[in-house]
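Naming follows writing order (A, B and C), and every chain is counted from residue 1.
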Amino acid sequence: MTALSLLDYASVLVFALTGALVASRAQLDLVGFAFIACLTAVGGGTVRDLLLDRHPVFWVGQPNYVLIACAAAVLVFFTAHLVESRYRWLIWLDSFALSIAVAAGTGAALSLDQSGVIVVLMGVTTGCLGGLMRDVVCNEVPLVLKQGELYVTCAFAGTVTAVMATRLGLDALPALGLCALVCWGLRAGSLLFGWQLPVYKGRPPSA
Amino acid sequence: MTALSLLDYASVLVFALTGALVASRAQLDLVGFAFIACLTAVGGGTVRDLLLDRHPVFWVGQPNYVLIACAAAVLVFFTAHLVESRYRWLIWLDSFALSIAVAAGTGAALSLDQSGVIVVLMGVTTGCLGGLMRDVVCNEVPLVLKQGELYVTCAFAGTVTAVMATRLGLDALPALGLCALVCWGLRAGSLLFGWQLPVYKGRPPSA
Amino acid sequence: MTALSLLDYASVLVFALTGALVASRAQLDLVGFAFIACLTAVGGGTVRDLLLDRHPVFWVGQPNYVLIACAAAVLVFFTAHLVESRYRWLIWLDSFALSIAVAAGTGAALSLDQSGVIVVLMGVTTGCLGGLMRDVVCNEVPLVLKQGELYVTCAFAGTVTAVMATRLGLDALPALGLCALVCWGLRAGSLLFGWQLPVYKGRPPSA
């Protein structure tokens, strides 16, 4: 197993946990948990693979990814009542999943020798789209749209860091580690200390 | 015309009827009916074909599918006022469409010699994603998220039945018939008799 | 640069402006503006390219598209407070973007020698799906679902006009110009004078 597929596995596992937590908030049954977990877990990477014409799509070629996501769904189904705040777990697990998935997407695009702009876009896409699908389908406010929180920014900063690091001669693996670290650090700072970028200063919408 | 494309035609027709019924609930015009009908009718199969890199996508290679969906939209536009409960028609037509589409997706993946896990996932994807797109776009509560009803479970059980039946030596066609039957039977039982799986037993979300 | 890629550039630019305006209504930060702008700008064309198996996807092969969308996001971030009604700008810019994108999608499908039905569908898809993604993600009422307004109808009429014009011997470029003109004229007439098709005459939904 390569380091890249390890990253994909880790991101699938953690995103699946967040999907199952959202399913628990919607009071679904076990199969519903697995459905939302799989959608969240493979959504971002699937879009990345389709955009880059990378076939078979990572989980079609290696169905273990989906089995891991289902295992995560089962785990959450039987243990979610043990945690005090599911929402807090959701937010923090999502921050890990985001960081790992951004690194995985960045690594996949780097390994295909894509240009810098495309690598950055694939990192952001892989990181953000799985969670976005989860939130849109389950009618939660998408995390990418939360006011006054860094989210897409973390993904963007992480993947840009990796691209610049490889340009400066760093190997792919440490560059991806740095990517995940920067992404997660910014997200954690935003959650813990309220770090944010200036938001749009206009009036709220009238219509 | 092969048996597989017949299944695709039937699933397109019935899903288009459900899409047009949802459009009638949103009080759209005739072109809006056709748009939602087409989205619902070809959505699931399109995702299946893209995931499996099966080109041309079924309706791009054979535009008759889209014309059938449009005909269904016209039919519903002029007759939906005749039925007493559009919602009941919607639910029951959707149960037929789900069953046929699950069989169609399962059959397509079987014919490509995909592994069992992928066949199951393609069955579920083809069955569930068209209706999911319809509900997300039209802002209805997605049927896959309805508490205390079997939905994804029916798709899952149907396609697993087909995979096991073919493993046991049954031909593809009777296996797909069995698939549709199991899927529809479970869904009908859930609608008529309240069959359900245990749902997540935790607290409702606090945030 | 070909005339077709010029159309794609123009549609990306104007759709990105509408995406950024929606982001301003959601009070996002600059990176959020860019994310929604890019999603809106390339969404429809991306689906078109995936459906037609046209690789690389237009913006993967030519990342300038994305940079233009980001520039549009920056522009709106710093100037949106200057306009009196962001919603009115949004609606009218969207009408231009729709018209240009329908022409771009129609042109792309024509250049691949697709059948008439597919050309029409690609025109409608390219025109409508970017805005639809924007509205679904940002939880706005999708413009395609606005009651008593022409929207999908404009896209449909425009692309049908182009197909018929080329069949009658007109060159591709004037045919695409006619397409954009018909689409925009209908949309403008709908916004200014309330032009509409008869909507579904039934009862509103009871459930």
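Couple of notes before you dig in:
Methods note: contacts are C-beta pairs under 8 Å (C-beta built on N, C-alpha and C of every residue); 3 or more make two chains touch, one makes a residue touch a chain.
Nothing here was measured: the structure is a model prediction, and the numbers come from that model.
Where chain B touches chain C, under half of the residue numbers in use are shared by the two copies, so each contributes mostly different positions. A rotation of 120 degrees, rounded to a multiple of 5, brings the CA atoms of chain A into register with those of chain B. With centres defined as mean CA coordinates, chain C is found 28 Å away from chain B. Among all residues of chain B, those that touch two or more other chains are 50, 136.
By the touch criterion given at the top, residues 23-35, 38, 46, 50, 55-57, 60, 63, 66-67, 77, 80-81, 85-87, 136-139 of chain C touch chain A in their complex. Put simply, chain B touches chain A in their complex at residues 50-53, 114-115, 117-118, 121, 124, 128, 132, 136, 141-142, 144-145, 147, 150-153, 156, 196-207.
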